[in-house]
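Per-chain residue numbering starts at 1, and chain names A, B, C and D are given in the order in which the chains are listed.
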Amino acid sequence: MPLTRLEAFSDGVIAIAITLLVLDIHVPATGHGGLGHGLGHEWPSFAAYAVSFITIGIIWMNHHLAIGRVRQADHGLLVINLLLLMSIAVLPFTTSLMAAYLRESSGEHLAAFVYGGSLLVMACTFFTMQRYLLSPRRGLTDIDAATRAFILRRNAVGLIPYALATALAPVSPYATLGICGAVAIYYALPARS
Amino acid sequence: MPLTRLEAFSDGVIAIAITLLVLDIHVPATGHGGLGHGLGHEWPSFAAYAVSFITIGIIWMNHHLAIGRVRQADHGLLVINLLLLMSIAVLPFTTSLMAAYLRESSGEHLAAFVYGGSLLVMACTFFTMQRYLLSPRRGLTDIDAATRAFILRRNAVGLIPYALATALAPVSPYATLGICGAVAIYYALPARS
Amino acid sequence: MPLTRLEAFSDGVIAIAITLLVLDIHVPATGHGGLGHGLGHEWPSFAAYAVSFITIGIIWMNHHLAIGRVRQADHGLLVINLLLLMSIAVLPFTTSLMAAYLRESSGEHLAAFVYGGSLLVMACTFFTMQRYLLSPRRGLTDIDAATRAFILRRNAVGLIPYALATALAPVSPYATLGICGAVAIYYALPARS
Amino acid sequence: MPLTRLEAFSDGVIAIAITLLVLDIHVPATGHGGLGHGLGHEWPSFAAYAVSFITIGIIWMNHHLAIGRVRQADHGLLVINLLLLMSIAVLPFTTSLMAAYLRESSGEHLAAFVYGGSLLVMACTFFTMQRYLLSPRRGLTDIDAATRAFILRRNAVGLIPYALATALAPVSPYATLGICGAVAIYYALPARS
C-alpha cells in the first residue's frame, strides 16, 4: 500500500485540527465593559491557543519524520495512525476546556488534568506508533538497531514533561500550561535541528 | 481522467468530516454543578465521538483500497463517490443527534434510528460504489471474477450489523451505539489485516 | 508555475466548503415538542444541504476538467480562481440563509434571491475562468477553436437555470430551490458523461 | 527532507483558514425587523470577509512562489513556516472582531488595531521566512544576490501599508479596513503579474 494517501489524510486531519483551534477564541460581546478588558479577560484562550498550535505543529513535523522512514504501510500502522489522529483531533476540545477553566476557582484542576492528559495520550500514541514501525520484525523500515534505540529513547524522554504537566494539575493549572508551553518552545528552538 | 484529484478531494472531505466531530463535544458551562459532573454528563458525546471517528477512519481505509484497484474514473464513479462523501459528511450531524438524545426519555429511539440509519446509508453507498467499479462491463479495473465476488460478498456481509443496529433503535439506543462501536473495533483489530 | 498546488489548494477550499455545510443542520433542542416534529421542521435544512452539496460537488468536477486542460498557470488565472473559490466558500452562508427563511412569511423571497444569486455568481465566475483559460491569446492550453466554442457555449447555457432561479425568487422561494436542485440532479445523471 | 508535505500541510491550513472565514457571517435572526435590514446591518461582516479572503489568497500565492524557490527544507524553515501558519490561522478571529466592532461606538479603534496588527504580524512573519530561505549561508536555494535583494526589498515595501493601516486604527477603523482592502485589490490586479 502506498504511503501517499496515509500522509495526505494525516496532513489533512492535523491541518484541520490545528486550524479549528481558532474557533475557541471568542469575540467579546459588544457593550460589556470595554473591548480592552474583554480581550484581556481572554488571555487564557490566547495562551492555550499558542501552546496547542505549536504542539500540534511539532507533532506534525515528527509525524512527517516518522512516516518518512517507512517503506510501506500495513493494517496495524493504519489503525495506530488513526488513533494518533483521534488524539490530535480531540485537542481543540481539551484546549477550549483548559482556556475556559484556567482562571475559575472551581474545576480548574480537573480541566488542566484533562488538558495535560490529552497531550500525554497523544505523545504516548505517537511513541507506540514509533515502536510499531521501527520494530525489526515488521520490516516496514531499514533503520539499524542503534538508530532505532536512539529514536525510541528520545521519544520516551519526551513523555516525561507531559506526565509531569499532568501530575502537577492538582497543584496548579498554570504549571500544567507552562510546562506544555515550555516543551513547545524547546522543540521549536533551532538547537534541536 | 486521473484519479489523483478524486483521491485528494475525497481525502479532504473525509479528513474534515472526521475532524469536525470534535465540535460536538461541548465544554461544560462554568459554575453549573462541578466540572467533573459536567464531563460525566457528556459521556454520550465522548462515546459517539469515538465510534464515529473510528468508523469514518475505517471507511477511509476501505475507500483507499477500493480506489486503489481502479485504473481510471468515469462520470458515474465521480457521482457515486460524491454521494458517498455526502453520506460521510452528514455524520457529524447524526453523531451529535445521537449524543444529545441518548440519555433523554423522549426522542432517543428516533435519534438512534437516524444515527444507525446514517451509517447504514453510508455502508450501502460504499457497497454500490464497489459494485460499480468492480463491474466487468465498465473496465475500470482488472480484478478477476473470483476476487470480485469475494470483495462484494465481504462488503455485503458488512451491511448486516448496521442494519441490525438500525433495527434495534426502537428497542434500545444503547444497543445501536454498542453495535456500531463493536463493528468499529472489529475492523480495527489486527486479525483482519 | 506548476498546477499541482493550484489544484491542491482549490481541492482543499472546495472540500472544506462542502463539508462545512453540515454545520448548518442543527440538532433540535431536547424537550421541545418531539424529536420527530423537530426534525420534520428542519426539512428546509436537509433540502438546501443536499442541493448545495451536489452543486458544489459538480462544480468541483467541472473545475477538475477545466484545470486539466491547462498546461500552465499565470497570475490572472490564480486571481480568477481565487474569486471562484470565494464564491464557493460563501455558499455555506447562503445555504443557511435559504434554509432559515424558506418557510418564513417574511424575508423568504430575499433569502431565495440571495441563494439563487450566489449560485449564479459562482456559475458566472466559473464561466469567466473558462473564457480566460481557453483564450487562444494566452496560450495556457492547446484546445482548438471548435472545442473551445463548444465548451463555452455549454457553459453559457448552464447559466440560464441559475438566472431563472434567481429571477423567480420574488415569486416563490420553493421554485428557486427546486430549480437549483433540478440542475444538480441533471448534471449528476449518467447521460451526461 | 522533501518539500511536498510542507506544501501540502501549508495548503491545508491556509485553505481551512480562508474557508472558516464564512463562519463569521451570521444569518440574521428571523422576525427581527426585516431580512433586508438585517443583511444591510451585516455589511461590515461582508466587507471584512472579502478583504481577509483575498488577503489570505494572496499570501497563499506568495507562499507558493517562495517555497517554489527552495530546494530543501530544514528545521528552521519548518518552525518559521509554522509561525506563519499560526499568524494566518488566527485571522478568522481578528476578522470577526473587526466586523463585530466596526460600527460600534466603543472598542472600534482597538478592534481595528488588532485586525491591522494581525495582518502586519502575518506580513512580517512572511518577510522573516523570505529572509531565512534566501539567506546564502543556508544554501536552501540558488537565487543570485541581485534577485535576492530585489525580492526582499519588494517584501519590505509590502509591510508599509499594513503598518500604516495599524497606525491609523486610533484615527478611523474604516481607514484600517480600507487600506487593507486596497492592498488586496492592488496585488490582485493583472499589472503585477
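As a convention for this text, a residue touches a chain if its C-beta (ideal position, glycine included) is under 8 Å from a C-beta of that chain, and two chains touch if they have at least 3 such contacts.
Just so we're clear, the structure is a prediction, and the values are computed from it rather than from any experiment.
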| item | value |
| --- | --- |
| Same-site or different-site touching of chain A by its copy chain B, using the half cut | different |
| From chain B, the most remote chain by mean C-alpha position | D |
| Separation of chain A from chain C, taking each centre as the mean of its C-alpha atoms, in whole Å | 36 |
| Geometric centre distance via CA averages, chain D-chain C, whole Å | 26 |
| Where chain B touches two or more other chains at once, by residue number | 8, 12, 16, 20, 23 |
| Of all residues in chain A, those that touch chain D in their complex | 7-8, 11-12, 14-16, 18-23, 25, 27, 30-31, 34-36, 38-39, 49-50, 53-54, 57-58, 60-61, 64-65, 68, 188, 190, 192-193 |
| Contact set on chain C toward chain D in their complex | 1-2, 5, 8-9, 12-13, 16-17, 20, 23, 74-76, 78-79, 82, 85-86, 89-90, 92-93, 96-97, 100-101, 104, 106-107, 110-111, 114 |
